[in-house]
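Okay, so chain A shows up in both of these, paired with chain B first and chain C after.
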Partner chain A sequence: MTAALRPDASDLGLIGYYLGKVLLGLGVLQLIPLAVALAFGEWNSASSFAIGASIAVLIWALSDALLATRRSLTWAHGMVIVALSWLFGAIVTSIPMLLSGRFSGPLPALFESMSALTTTGMSVIHDLDHTPISEDLFRHLLQISGGLGIVIVVLSVFSAGGARVSTLYVSEARDERVLPNIIRTARFIFQVASTLFVVFTSALFVALLSGGFTPGRALYHAVNLFFASFATGGFSVMQASMIYYHSPWVELLVAFVMLAGTFSFGLHLSLWRGSATEVFRHLETRTLALTSLVFFALMTFGLLRAGSYDSLEPLLRKGLFTLASAVSSTGHQVNVGDTYLYDWGVLAPAAIVGAMAIGGMASSTAGGIKAMRIGIAFKAMTHEIRRILLPESAMVITTYHAGKPQVLRDQTARAATTVLLLFIASFLVGAVVGLVYGDLDITQTLFESVSVGANIGISIGVVSPEMPSGLMAVYIVQMWLGRLEFVAVFALLGYVAALARGRAGA
Partner chain B sequence: MIRGHRGGFWRERARGMGYLVAVGLGVLAVAALVAAAMLTVMT
Partner chain C sequence: MNPSRPSAPTRWILLGTIGAIVLTILGAVWLEAVHPQLDTDGNRVEGVPPLATTDVPSCRRTVDSEPISRIRETFPRGGRVGSVQIYACPAAYDGLTVSYVGEVVGELLPRDGGAWAQVNDDDYALVTGPVVGHREHAGFNTGLSVWLDAPLVEDITAPGRPALRGDVVLLRGTILRADPDDGGGITLRATELETLAPPLEIDPPLHVLQVVVAGVLSVLALAATLWAGRVRRR
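Showing the complex of A and B:
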């Protein structure tokens, strides 16, 4: 490892300058719920958003006045900016939540904002069913912003050129650039999101309208359902989540949106361009299809063996939807938490845990280890086995298809397995900390820890407004680490250590 | 519109949506077949 000089004041200034821009974006975002609050006469919410937005804008104004620079970003800067942006972004957006009075204190408010931005979807809000329209909209706006990537979204808007911010795109756990230019990539992501928004919000509006909703409520629920589903976030307007709607059509439409959220933006580009064969050839699609099929078969076997369901409809509406919610990392629920513990036997919840751990595709809005890493790890494993079995002189080359034919390199395999192991470590740490609190068993703590650490949001009942503060704090860190896939946070820790030691690893 | 390929503004969006729905229905069909087969065998 080469050594670099200790980060100096200009490095910290550069980081602070870009961090200020991200916080400005999150402040400007609060103007939308502020306008809605004013329109609907939700004065308490309006004042919360006005204060929250003012604080964010004030921080930006100070950073812009004191730290403005034209210096270029290095990879280290990018990683540190992204890690800090998600942390301070969650802190800043927790301010209006705290002021709303719907959370027990600063920690639960931070949990909610981190859960929203990282598209986890676990909630510790009090009395969700009677939350003002503007506050619900804010929670869902945070999910779609986090799903698309707050840093890249904000900096694509506020920065003139792509070159200076392209390093941030990869730092934000988006390792596959869809188009060569970062601004065009961001524009394509917006195009996909806006097209899906128009199509599926309209369809959900019609489905809810035909289900007896008034036009206003149908639109309100349709918009929020789209945001939560495409972001693979899983927040809900109602405490009962999807159960509230009692509608197979709503569930089907939401399942399609979750599927769209699971697809990588590279795959969306292939579909838009008409090269659909890529869907069947890509290592990640194949891995996701195979693992999902295995988990679905295991779950169905478990459900039938436990006698949970005895006909096709509940197997699909309860079982398949839950699996889709897990694979896509959305977290929409069609069962109450206790169901997994008491009615689903042992095998079916285990299959859901497995599906949650893997999650969706890399460079999508989904969370989890990501199917690409599982595919790469499997390829690496078969590569090693072949290397052992074949004669010593044989040259073993392993290939896979990802956009184009690729040769498996040691560096790729090492990076994939490292992140995979870190995710597993995160799941285990969360599970063990849960056990420390005594009242929970390993099934509950492991299920919840995987759900939180992989940014899924399906709850077995551990997360609640009354949960222990220590466990809540661990879950906040797990969500942060999981969304950034560890790398950016570790880079931040390395940067802090370098500041303290006087030398930095570069 | 994405530069460098055939298709207009609406056409590429319609194609993307069409494929998405087709993949979704395909997933549903496979799941229904697997569940129906397991249901028949196990009950």
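Showing the complex of A and C:
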């Protein structure tokens, strides 16, 4: 394609063809809760999953029969496919949610599925504590699929070759290719997830058994806990979230899984290959460690000053766990949401907001601005300060370690700060829209907006089934933008504008 | 043809896609609207004492001290309190002896000397029953973590599950804002328990129309898959 061709039917056909494959993946995924529903005699749930899966498979079959093509994907196509995949994926998976009767309408059902896929973990479900097993499992399956990256996972499985889908990898907010081949990258991600699944689900199973669970219920909770934690999603089987377990061992194991989820798959590969030093030298690890330390100090000081807790155990089990949940962008809660507002003073929630905004590592399952961007933005700032302070003739070079020693380039710094600013803009817009509704103050709206926009999921109580529809719609967009880190969605908007004008960049 | 507008096939693809999405959502909304409902009138729990106060004053630690002292001075010893009231002002209820009514959900988690239980006092527990046979939405589940001493645990016959409302119990005990035995959580340490309602099993009505739609769509999906396979082979 040349640079200014009108997107025509063949472009849309190409996009539709790949979208169909993604929806097929989400349709096949629904066969798992369908089987569980049949096994447990949850007949209404089974029929809702049959409908959801059938719609997805129908769309795929039609797109496969009518739109199959051997054309290569351009970057514009890739971006548009990814942006639409997450939107259409959320719409299609919201159908069984809507049919479950646990949501007040199509918008809350879409909120739930978008929250699940983007691994935000905010929920607007009614009566979670009596939810059928299959429906609960479906929510958690969506989280792990979204955490691993639905587009790349599905296309790696259903596409013939990696070359054609490699453009989609970066579009799905994965800017670090772990292995040269995209299929091998996807397989490595599966390998890591599968290994950790076996190890941590077993450990959680034992911890839950010793905590008083029956074997069947322990397995059910362990599987869902792993999905929600490794995906850094934060959904829970019970409304009480982590409070429900009353177990420091479960909290400790979940904290490890959350941290594993927030580690980039590049660093997982380094650990896999026995190169632990790479982990400690990486700019992202150092940034995350440093910022977490600062936020932990602030939070601890805030909690002690407010008198919220007066001994070490609560500081660790309530404070440190919440911070880990925020940093990893998981959103598991060991406190009822109101606690952050009414019982944590002012400074500690502010520290949590800061940690949530930064989030985890790039190319992981985590959300947020990402430690890499914060590290690069900090390096760029010190670079500028050094440039000003040193003589004009001095050549200022700033380096950092990310896989290998790298020189900080203007383009890298610009890209990092642009996304950083876009995240901040998203946080502020969400906070202001929340204020417009009148009943909330800035502490609440900013906390919730950062949590939603960074795909974290810790709630101060704004998100609920009864929240205003307008705010819910804004949060859905924030989750979508945050997960794709803006670029793919902006590309989609550009594509739509070009369609309207009659041209598109290729 | 106007060069500044999308061509006819492009327009039809876009309109067709949007139309299909809208139709699908409307279809799902309609299907959900005609879901058969159970009558929930008989699910209301009888004998629940009234709340000591229906006000839900909120107080922020280090900021609002007036509601804290007012609640502590006026709350009647052993009066019934709701979980929402406690969470809105935890400091006010710390150490107070209260009554609390709710449904035991999930599982009892036995530990030395007793068990932890999650006890919900939302409308699903006390008024309507679980959302499996009706659509009377009442928001999130709300409840308290409750420590039950060993003798009290024996009185619980079945905690709530999908399609089962667990025992609804009247508890008396002490609220702890930061319970040291629970890592600093807000808990109720119960010393007395009275069962107000035994477990209630709900038999959700089968949505026959939804099953029919699922069957038709499954056949269509299978047929389309076979057709796509044939087209691909050609």
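Note that the second predicted complex is superposed on the first by the 501 of 506 C-alpha atoms of A that agree within 3 Å, B and C clash if a C-alpha of one lies under 4 Å from a C-alpha of the other, contacts with A are read in each partner's own complex, and residues count from 1 in each chain.
Simple rule for what comes next: a residue touches a chain if its C-beta (ideal position, glycine included) is under 8 Å from a C-beta of that chain, and two chains touch if they have at least 3 such contacts.
Quick caveat, the model's predicted, so the values are computed rather than measured.
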Greater residue coverage of chain A in the superposed arrangement, chain B or chain C: C
Chain B versus chain C as contact partner of A:L293, first or second or both or neither: first
Which of chain B and chain C A:S311 touches, first, second, both or neither: both
Contacts of A:Y437 with chain B and chain C, given as first, second, both or neither: neither
Which superposed partner A:S104 touches (first chain B, second chain C, both, neither): second
Partner chain in contact with A:G345 - chain B first, chain C second, else both or neither: second
Touched partner set for A:W75, first chain B, second chain C, both or neither: neither
Touching partner for A:L259 - first (chain B), second (chain C), both, neither: first
Which of chain B and chain C A:M238 touches, first, second, both or neither: second
Intersection of chain A interface sets (partners chain B, chain C): 305, 310-311, 315-316
Contact set on chain A toward chain B in their complex: 179, 188, 191-192, 195-196, 199, 255-256, 259-260, 263, 268-269, 271-274, 276, 279, 293, 296-297, 300-301, 304-305, 310-312, 315-316, 319-320
Residues of chain B touching chain A in the complex: 2, 5-7, 12-13, 15-17, 19-21, 23-24, 27-28, 30-32, 34-36, 38-39, 42-43
Chain C-touching residues of chain A, taken from the complex the two chains share: 6-9, 12-13, 16, 42-44, 46-48, 50-51, 53-55, 57-58, 60-62, 64-65, 68, 88, 91, 95, 98-99, 101-102, 104-106, 125-133, 211-214, 217, 238-240, 243-248, 251, 305-311, 313-318, 334-336, 338-339, 341-346, 464-466, 499-502
Chain C residues touching chain A - in the complex, by the definition given at the top: 3-7, 9-10, 13-14, 17, 21, 24-25, 28-29, 31-32, 35, 58-63, 87-91, 105-111, 115-116, 118, 120, 122, 124, 130-132, 135, 137-143, 145, 160-165, 177-178, 180, 182-186, 204, 206-207, 210-211, 213-215, 217-218, 220-221, 224-225, 227-228, 231-232
